[in-house]
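The same chain A turns up in both complexes below, where it pairs with chain B and then with chain C.
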Partner chain A sequence: MIETALHLLPSTLALGASYALVALGFVLVINAVGAVNFAHGELVMLGGVIAVGIASVLPDGLAAPGLIVLPGVLLASAAAGLGLAALAYLPLRRAPPVNIFISTIAVGLIIQHGVTAGVGPEPRLGPPLAPGLDQSTMVIMVAGVAIAAVHLLLSRSQFGRMLRAAAQDPDMARAIGVPVGLTIAASFALAGALAGTAGLLLSNQYFVTPSDGANLMLKAYIAVVIGGWGRIWGAAAGAVLIAVFETLIAVWLSYAVAEAALYLAVFAILAFRPQGLFGDTEGRRA
Partner chain B sequence: MTKHLQPASVAYILGLLCAAGGMLVFGDGYAWRIAALVGLYAAASIGFQLIFGRLGLLMLAQGALFGLGAYATAMITAHLGLDPWFGVAGAIGLGAMVALAIAGPVARLESHYVALATLALAQLVLLTATHGGEWTGGSNGLYGIPPLSFAGIVIVEGPALALVSWCGVLLSLVVAAAVTGGSARARHATIREAPLVAAALGIDAARARLILFPVAGALAALAGALQAHGLGVVSPAVLRFDVMITVLAIAVIGGRGSPWGAVAAACLLVPLPEVFRELESYSLGASGAVLLGVLVACPGGVDGLIRRALPDRTDTLPPVQPLRFGTETLLAEHLGKSFGGNRALADLSLCLEPGSITGLIGPNGSGKTTALNLISGIVGADTGHLRIGDRDLSGLLPVRRAQAGLARGFQHSVFPSELTVLQAVSAGATLGQGRAALDLVGLTARHDVPVGSLGAGETRLLDLARAVATQPSVLLLDEPAAGLTASERARLSGVLETLRRAGLAILIVEHRMDFLMAISDRVVCLVAGETAASGTPDQVRADPRVRAAYLGREAAT
Partner chain C sequence: MIAGLSFRQVSARLSGRDVLSDISLAAPAGQVTALLGANGAGKSTLLRSAMGFVPLRGGSVLLDATPLDRMPVEARVRAGISWCPEGRRLVPAMTVTENLAVACPGGAPARCRGLAEMFARFPGLAAKRADLAWQLSGGQQQMLALARAMISRPRVLLLDEPSLGLAPAVLDELSDQVRMIAAEGTAVLLSEAHPAWALACADHAAVLVRGQLVAEGTPAEIAGSKALSDGLLG
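Coming up: the complex of A and B.
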């Protein structure tokens, strides 16, 4: 049993690291606009599709096709994140958050079915990061670098301080001169870039399918609940936990049981940690 | 309430009759099948409107409840061999029960958790169906579900199938009107848009959920069960998120909260993927685009457009139902509250007697609003007791305190924008009592205008009237004179005088000293959370500690 677990450790950590990127982007948008981005999974899927697309025009036999497509994926998915903000958030920024929930569901539908209509519904294999090296190790490294970069950006840069100020209290931030609109746009772009990177990282071990999005979004959503609403590193840790939990239970019992156990765990957390559930601004003002 | 149909409803009915006539003349078998499907989605979406539209909760398990109904009747008829109508009844019961189980624990959560919890529930139902073995037929589902039959006619296709489906729509419309009509509309709107106000008016949100959730679940399950008997098969596909997305899109495009709008949107949206079958991806992407377009450009949806063209007739003034106030004393003893290490209020004791006005004054940050929040129960007290008459209110929820005779006006009041003045003022009362309260504050002439068209001063008076209409014993007011013109202040003084003579015990927090000192029988002055002075207005005015607190503050500013 322990041998199996050890054997699975690299791929489990690789999955966890990828999930952590997904959850990071998801929670950044939550903090920026106070709404759940239901299209976040579609951004991940889109990143995978873009990776597959760029890799298909590269010559064969490259040492690191996955690493070569990474910059392109980053740029394109950051642009996709901005596009999402322009479509789903900008026109509704004065509306209640639930409208943004729904508008992101709508944009998610457009992305999912647009991709299906464009390239077909079948699963595709993404490029390996560096075929000569172990894919799981490479995934962990790339994700690790991305997470470290986000950490530095948020904790050390002036931009990161503005981002956190705007997330905590947009009105106050605006009053002290933080360009809140800009930080929101940057959050969406960063979320898109992280999601796209995760899409690339997942695409070689798990395929890319246009209908993947909802499931990935749900994982990120659960990660945020585990980590505490709006807590950036809590969400990342929650995502790793989900991957470990999923893999172990799936090995012991089955993937279906693992999934079911995850959803039951959501109910348990929501039921037994209610003190953590009421820290938001919604419904407070009379 | 008017007994006659609104003009918009007449338009909807005429539209449907035209569609039905067209179907009778031109409809082929395929068209009838689509018409049946439209009806099923309309019924499920009408149910969804109750929770999403009326209560404002993004409950994402309506699709799962639809599928649950399909599976329930399939299993009842296929495994137990019972009559299909038993299956439909069982499905309705199961849908209602599951939704009722959600209503308590899930609906209390904040909206982003409601969405997640119901999403997780839907996934669990899907997993169960896919891995249920023989019992659910696994990923293939169940086949050979017997059709419904009525008076010897087997209902498998054509007009009969559509008729059964649309009987479901009719039933849904009637049930929805029964649970949301009349004064329920104002109650639900207040729960949705101003939950704290709703609680302070004694509107029981939990009770509203316990009624609306099972109805919504029953309608979804009914629709799913009818679909199972119409198709003869059920597979995990009915539990996929697509059903939920379609229902959500119908609700938003039809106009949030509107049952008739849901019917109209179902007619527009459901045939699309059927007509463009080979372009399935395009049509689903297109519904996404339409959904986004409606959210951005036309938030009222189809129903909003129709009612703009054909406005509802407003309510005629109901006869006055005289307000009868309770005459009980509120006794607060040693109330205290700290936030973090910060003591906001210490050892406040108050006695509010029937027919008296008590003023609560103090510099900014002295604990006046905390005192109101502790008494009304919005914030839990660390220490102390509270009773009205011989009833102990300590530890009770705000809604229970309101029901025990405590009413509260809000400094920054919220009124649901969809309501008229009369509907808004009656949120916690009957329309007759609301009318009486409007008479009292002098807003009767404005009873049929949208609540948003009132001026700032009128809105403050309406807030007072809304609290008074609940016929409390004790009335708490938070700066009622703020933002009023001199003539409105005079009117407010007159109203408060009338209420005092009617036997109400009134507590007023106010900055305007001239106003407060003139109408108060007693005044309590808080300084830094402590009771610095209490007595008649003259005694408090002369108190050295009060003078120091106020003069000190004025000198500082």
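Coming up: the complex of A and C.
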């Protein structure tokens, strides 16, 4: 039992790291526009499909096909994030957040069915990052670099400060000269890039299927609930926790029980610790 | 034309109610102009209208001789208008330094200079530079909000209810800071529901009652006026 768990540790952490990228992008958009992006899971799936597509035109026998497609996936997914903002957010930016829930669901469905119509509904295998090296280790490394880059951007750069100020209080941010439209667009682009990277990272061990989106979106949503609504690093930690929880229960009982237990755990968190598992309740308000 | 901020016959309606009616008022450069009145008299709305947050129904807001009416908020900030809002509205989870840096225009060297200048000016903040904004006392938070508004070197400072909830010792420090800002040539428009402190700090004062300007004069004239006592009763 414990041996099995230890054996699964690398792949569990790799899954957790990929979920963390999904959750990071998801929470960035929540903070930027105050609304949930229900198409986020589809952006992840789209990243996987783009990775499969670029990899299919690469010659065989490359040392690191997954790493070679990464820049293309990043760019295309960031563009997809911007496209999502232009379609689902921009026309409704003065409307109540519930409208954005619905418009993102609509765009998510368009992406899902567009991909199904374009390449078919069957699962596809994404490129391994570097076939000579352990895939799980490589996934953890790539995700780690991406998370560190986001952390540096948000905490150390003027642009990150602007992003955080605009997320906290958009009107006040405008009044101190923050280009709030630009920070929102950047949040969507960054969310898309992170989602696409996660899609690439997941595509080799878990395949890419056009209907994957909803499940991934739910995982991100749960990660944000666990981590505390709107807390960026809480969401990333929540994502890793979900992966560990899922794997442990799945090894012990079954995957179906693991999914059920996850949702039960979320109900329990919402009921008894609605501020999330991590950190304090103060500090959100001055 | 006067240098500074002027309102010319400004009117505004919000949710079917006249919140500003035909207001003409100047906040000249180098002076503190106090805007007094009860809560709900329209003081904050007038300040927000200069910032571009309130659509005008009539009239015009000018910086020197330039009408601001078609400018979005961001352009007004660049033109030199700065807003220190009621309730301060800092980013609670950012440090003192970060709250200041994010409001500083220009590249990294300009930010360094701006921060150094503000820390020299507000020594209390320099000692707390690595603290998160929500950890500061009310007085320190007000100083941080004021420093954030000044780091862009504005020509006009809109200062909304800065004295709210502050201890007398902090009020003295705040008056010194506001007087110094005006002495450097900035036009300060100071909105206050509590007149004694504001009048002591101001060069000129005006009283707002239900969206209308009912009196204007020197602090001494306004201090004893019936308009002020009536105005404060709403």
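FYI, the second predicted complex is superposed on the first by the 273 of 286 C-alpha atoms of A that agree within 3 Å, B and C clash if a C-alpha of one lies under 4 Å from a C-alpha of the other, contacts with A are read in each partner's own complex, and residues count from 1 in each chain.
Criterion: a residue touches a chain if its C-beta (ideal position, glycine included) is under 8 Å from a C-beta of that chain, and two chains touch if they have at least 3 such contacts.
Quantities reported herein were computed from a predicted structural model and do not represent experimental measurements.
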### Message
Of the two partners chain B and chain C, which one touches more residues belonging to chain A?
### Response
B
### Task
Report for A:Y221: first if it touches chain B alone, second if chain C alone, otherwise both or neither.
first
### Task
Could you look at A:P10 and tell me whether it touches chain B, chain C, both or neither (first, second, both, neither)?
neither
### Query
Just chain B (first), just chain C (second), both, or neither: which does A:R164 touch?
second
### Query
Which of the two partners, first being chain B and second being chain C, lies in contact with A:V178: first, second, both, or neither?
second
### Task
Could you look at A:V266 and tell me whether it touches chain B, chain C, both or neither (first, second, both, neither)?
first
### Task
Would you check which partner chain A:G230 touches, where first means chain B only, second means chain C only, and both and neither mean what they say?
neither
### Task
Considering only the touch criterion stated at the top, classify A:L87 as touching first (chain B), second (chain C), both, or neither.
first
### Message
Please report the chain A residues shared by its interface with chain B and its interface with chain C.
### Response
282-286
### Query
chain B touches which residues of chain A in the complex?
30, 35-36, 87-88, 91-92, 95, 97-99, 101-103, 105-110, 112-114, 116-117, 121, 214, 218, 221-222, 225, 229, 256, 259-260, 263-264, 266-267, 270-271, 277-278, 280, 282-286
### Of chain B, residues touching chain A in the complex
56, 58, 105-106, 109-113, 115-117, 119-121, 123-124, 127-128, 130-131, 194-197, 200, 241, 245, 248-249, 252, 281-282, 284-285, 287-289, 291-292, 295-296, 299, 378, 410, 412-414
### Message
Touching residues of chain C toward chain A in the complex: what are they?
### Response
51, 53, 73-74, 77-78, 82-83, 85, 88-94, 98, 101-103, 105, 108, 111, 132-134, 141, 148-149, 152
### Query
Quick one: in the complex, what on chain A touches chain C?
158, 161-162, 164-165, 168-169, 171-179, 282-286
